[in-house]
Amino acid sequence: MHDFYGVALGNRLMLGTALYPSPAILAEAVRVAGVEVVTVSLRRESAERRDGQAFWALIRELGLRVLPNTAGCHTVKEAVTTAQMAREVFDTPWVKLEVIGEHDSLQPDLFGLVEAARILVAEGFEVFPYTTEDLVAAERLVEAGCRVLMPWGAPIGSGLGLNNRYGLRSLRAHFPEVTLVVDAGLGLPSHAAAAMELGYDGVLLNTAVAKAGDPVTMAKAFSQAVEAGRLARAADPMEPRDMAAPSTPVLGKAFLG
Amino acid sequence: MHDFYGVALGNRLMLGTALYPSPAILAEAVRVAGVEVVTVSLRRESAERRDGQAFWALIRELGLRVLPNTAGCHTVKEAVTTAQMAREVFDTPWVKLEVIGEHDSLQPDLFGLVEAARILVAEGFEVFPYTTEDLVAAERLVEAGCRVLMPWGAPIGSGLGLNNRYGLRSLRAHFPEVTLVVDAGLGLPSHAAAAMELGYDGVLLNTAVAKAGDPVTMAKAFSQAVEAGRLARAADPMEPRDMAAPSTPVLGKAFLG
Amino acid sequence: MHDFYGVALGNRLMLGTALYPSPAILAEAVRVAGVEVVTVSLRRESAERRDGQAFWALIRELGLRVLPNTAGCHTVKEAVTTAQMAREVFDTPWVKLEVIGEHDSLQPDLFGLVEAARILVAEGFEVFPYTTEDLVAAERLVEAGCRVLMPWGAPIGSGLGLNNRYGLRSLRAHFPEVTLVVDAGLGLPSHAAAAMELGYDGVLLNTAVAKAGDPVTMAKAFSQAVEAGRLARAADPMEPRDMAAPSTPVLGKAFLG
Amino acid sequence: MHDFYGVALGNRLMLGTALYPSPAILAEAVRVAGVEVVTVSLRRESAERRDGQAFWALIRELGLRVLPNTAGCHTVKEAVTTAQMAREVFDTPWVKLEVIGEHDSLQPDLFGLVEAARILVAEGFEVFPYTTEDLVAAERLVEAGCRVLMPWGAPIGSGLGLNNRYGLRSLRAHFPEVTLVVDAGLGLPSHAAAAMELGYDGVLLNTAVAKAGDPVTMAKAFSQAVEAGRLARAADPMEPRDMAAPSTPVLGKAFLG
Amino acid sequence: MRIVLNGKSREVAVARLDRVLEELGFHGTKVATAVNGQFVARSRRGETALGEGDRVEVIAPMQGG
Amino acid sequence: MRIVLNGKSREVAVARLDRVLEELGFHGTKVATAVNGQFVARSRRGETALGEGDRVEVIAPMQGG
Amino acid sequence: MRIVLNGKSREVAVARLDRVLEELGFHGTKVATAVNGQFVARSRRGETALGEGDRVEVIAPMQGG
Amino acid sequence: MRIVLNGKSREVAVARLDRVLEELGFHGTKVATAVNGQFVARSRRGETALGEGDRVEVIAPMQGG
């Protein structure tokens, strides 16, 4: 079974920590969903307000593994420096590497992504690249030393689900040995279940939970859907067929004409 | 919350009992999935083999509520007589009313279905009609006294999922007060979750579980997916949007140029 | 090749005559698209305004075959009487039989439809029933004497396209001898082409042309798309395949390493 | 209106020249479809058989504009050298630049593609890059001097159609000034019409025509579908709507109750 | 005698449907008729006598989809 | 007397449905019955007399979807 | 000496990065630092002298997706 | 001298690329050439001398998609 740089996760749902109505709701959502990994970020700290310190206290309290991101970085240099700072602050070699190439879609810049991944792997990071379903970029990321790939389902925060199922299926088929996580764009638990049914090893999302009317309940829903999809893949689903087949045996039916 | 003729179900997954590798696996699947209702049928009994008695013993052992079907009936008369016999044998007013109109697709005969429903309701049955997403047939079934409707997702045993999402959504919108269950055609847990996300009150299936490589695990997967979809609907999902929206706040991002 | 009650049509696009910016644009759209059949309707005439007479003059000028509809009829009686009046006014046995069952979706009432079809066929009408993809209703309409069936693609005026491709394909497969026309719900020429590629014999629409920014150009677009789909079906399309296959032969490729 | 490096094309369908049952059928297909541009390739010539000379004679006879490809090239060097040879042989600055990154999917190698495009543009080529819907690669190709982009619809020869409509729509929206052609993966005319309806300026395909049972008829079908889609885009289609809207006015309906 | 023509009450001096149509200004029009919800063919208008309060529908061609 | 039991011709010595079931070995079984396509409730088996060639269906619980 | 702290100009009395952080009130905080776009590890703050106009980034944990 | 023509070893009597093409029977053909993976324009064939073992590609138009 695929692990995450040597770490085996029981719960394959990873949650972002942003956009929740309150820290309390975030904490409750994470707890109820039983997630083991949350994504975090970095921002400028104010010596007076010390917001970052309060958030850090909350995260430590949750006692979860953190996956720091390089959200908002548009250059290799920014992403690398952000990753370096994140490693020191969060004391983890894990980094969700984002090199954003385009503002409206927040599409990854595959060129910068590969370059940054090479640098960070050389510095001992365990890189979780936020990428697309592009097979060649995937090949280069794996060559660079990435053992986890995180293709998008749809643009971040869009909630559209899996825009290119063919591409995601193809990526899974081409990299049987690599841990694959659908990251971003999911809106509903059925999207998450479908990703797992395609053979993905996990799902990472934030907005669909944080922006739901009831984030805590939605977190639980996604957690169950991810597990459902994982089990389904393991249980070897039936092949779909174009014609009907009676489930109730016809043999021995009473004649009541 | 919608009930099933006065019965509130905790678990909204109903399972068929046919096509399992063995009675033991059926029993285990039902137990693991925590289903509260199973569908059953009737066939000619042999005084020597007494297969029906053995099956009946198994069902009684499971201690579940049973929903007898009229599978394979192509006429109103057959369906009504079968329902009458089922009520006596299973000692329940519930009946999953099937009047099959076409062999390849096992599509319901809406004309016969409405007629049979009227007769059975008049005789005190609590009818669960296996129907399509047709709004007018639904209206007539409700007028006939049906308080539960079970439109198909796709042909029985096909595993294709939800062939007409628009139609299913439309049915839900037109009958807010009626209990709606997607019955037949589902192949994967993501299909079941999607049905619940559309606002359906339950899902009934058989083949996708019984014919999976590992029916017990698949039963658990569907059970979790149904619950995930139910919770998601209750949690008020975000609206999908065509453009991306950063989940990680941009404000306060470090300048590392 | 399927005909329409003995009439062979060169152009398989039929157009409605309502909702155009002006009679002149309607006339031009019909001319440019080269349609041979237009649908028409009946309404109360004012002895003073005589609108109907003006419209009738226009239609006669166009010199096309007309298919009168029973739009807006919600009962068998209304539909039958409307058909009788239409036959006298338009002097044709053809009737597009609509028995509407539900206001929001304008879904056909299959029960009333079959009953009205029986009556009208007995009176010598050549009935074009506006129906759904329901196989049993189709069977009964054919038994009633309908030699053309017109299932909807989506609700009238919605422009959603083919909501249930599986159902439409299934209908085509079950009635190889019957002339099938997708009527209503199409929004784009690609929808019309897809319908013909499924093996349908024609497409009938109105809103997508009349409400386009440029109805004349859109009429031409639909006409070409219908013909394209018809030709494609006749040309025996390739089977889609999951993997790529180079179109340019690899043999003899230069070695330029 | 978008042109192709200063060339205005009346017919927006471009056809490949491979895989036809015979040169005669290729010639007839091209003629009947009225295409103005065909793709060609290069292979090793045998002094004895001189197959290339015969093919060249055929192409010259057709009197069409040719778009030479670099099919099968997996490295920048191969692609560049092939382009240089093609320019001399075909005496055109146009080149369909393919740098294949992966064997099963024939997916473009976006990294090599951008690099090769830069080199070729500097050498005065007019590059038609075979790319994906990736927005950042598109940006780099445009910066490199490409004024036409050719994203895939699906893997070459698969006939699957438009695997990622969202991505194609997004590409169109981000590059309003660039000429966009869907290249590869289409199987049916409705796919081609849909591409044009998305605002694409052309469609390039080969297998779906050459491998159809009747390539000549299929070529005509695709040609009409491309034109239909182009006209539809120009005619400003209606907005799809979730509910029905009667096309036949209700006002003045007779009362026949 | 009062009848209901296309939903509006009208006073008419004659009873025969063909005469009524003429009186009401429908001469020379392409119309079909129904009385109290029943179709009345053109050929039978001359033998159709209307009574007080009869509902007469006079319909003509119109745009349709 | 011969009857048709679940599609097969059988000779039976008695006529009453409840007796027939017993004679044919269905004692103590959970079954429902129909005669010539009509449901016969358990409570009415005692008063139901079969005739030559009657079609009797004896059905029991079975797996179903 | 003036430096730019998180984008704002600030006057500081000392030059060593660790001292600057203390002077500016960051003692006891979980933060990482960059000077002129280069990461400066905690362990190296003591040996890092700032100059006039240097851009110092002091960042801390924050919500992220 | 032996060269590799389109992947096959061939003995040629001359060295100049244009002469080689003639010797090998390509006179009057529409072809492009590359030597050791480098494109050699028609105009430069006369000034291009081949050496032992050189890889020569002679390519011509072909069907393509």
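All chains are identified by letter, namely A, B, C, D, E, F, G and H, in their written order; residue positions are counted from 1 within each chain.
Note that in this section contacts are C-beta pairs under 8 Å (C-beta built on N, C-alpha and C of every residue); 3 or more make two chains touch, one makes a residue touch a chain.
Every value quoted in this text rests on a predicted model; they were computed, and no experiment measured them.
Visitor: Applying the touch definition from the top, give me the chains sitting in contact with each of subunit B and subunit F.
Guide: Looking at subunit F and subunit B together, the chains touching each of them are A.
Visitor: Taking each chain's centre as its mean C-alpha position, how far apart are subunit B and subunit E in Å?
Guide: 55
Visitor: Report, in whole Å, the distance between the mean C-alpha point of subunit E and the mean C-alpha point of subunit G.
Guide: Spacing between the chain centres: roughly 94 Å.
Visitor: As a quick test, compute the distance in whole Å between the mean CA positions of subunit A and subunit F.
Guide: Computed value for the inter-centroid distance: 62 Å.
Visitor: For subunit C, give me the residues that contact two or more of the other chains.
Guide: 16, 18-19, 41-44, 69, 71, 77, 81, 85, 104-105, 156-157, 160, 184, 206-207, 246-249, 252, 254, 256-257
Visitor: Enumerate the residues of subunit H that touch no fewer than two other chains.
Guide: Within subunit H, the residues that touch at least two other chains are 6-7, 34, 37, 57, 59, 62-65.
Visitor: Taking all chains into account, which pairs touch?
Guide: Applying the touch criterion to every chain pair yields A-B, A-D, A-F, A-G, B-C, B-F, B-G, C-D, C-E, C-H, D-E, D-H.
Visitor: Show me the residue ranges of subunit D that touch subunit H in the complex, using the header's touch definition.
Guide: Touching subunit H: residues 16-20, 26, 39-48, 50-53, 55-56, 59, 68-69, 71, 77, 81, 84-86, 88-90, 156-157, 184, 205-207 of subunit D.
Visitor: Give the list of subunit B residues in touch with subunit G in this complex.
Guide: 246-249, 252, 254-257
Visitor: Under the stated contact criterion, what part of subunit A meets subunit B in this complex?
Guide: On the subunit A side, the touching residues are 16, 18-19, 41-44, 69, 71-73, 75, 77-78, 81-82, 85, 104-106, 155-161, 184, 187-191, 193-194, 197, 206-208, 210-215, 217-218, 220-225, 227-232, 234-254, 256-257.
Visitor: If you look only at subunit H, which of its residues touch subunit D in the complex?
Guide: 6-7, 24-26, 29-34, 37-39, 41-42, 57-65
Visitor: Where on subunit F is subunit A touching in the complex?
Guide: Result: residues 6-7, 34, 37, 55, 57, 59, 62-65 of subunit F touch subunit A.
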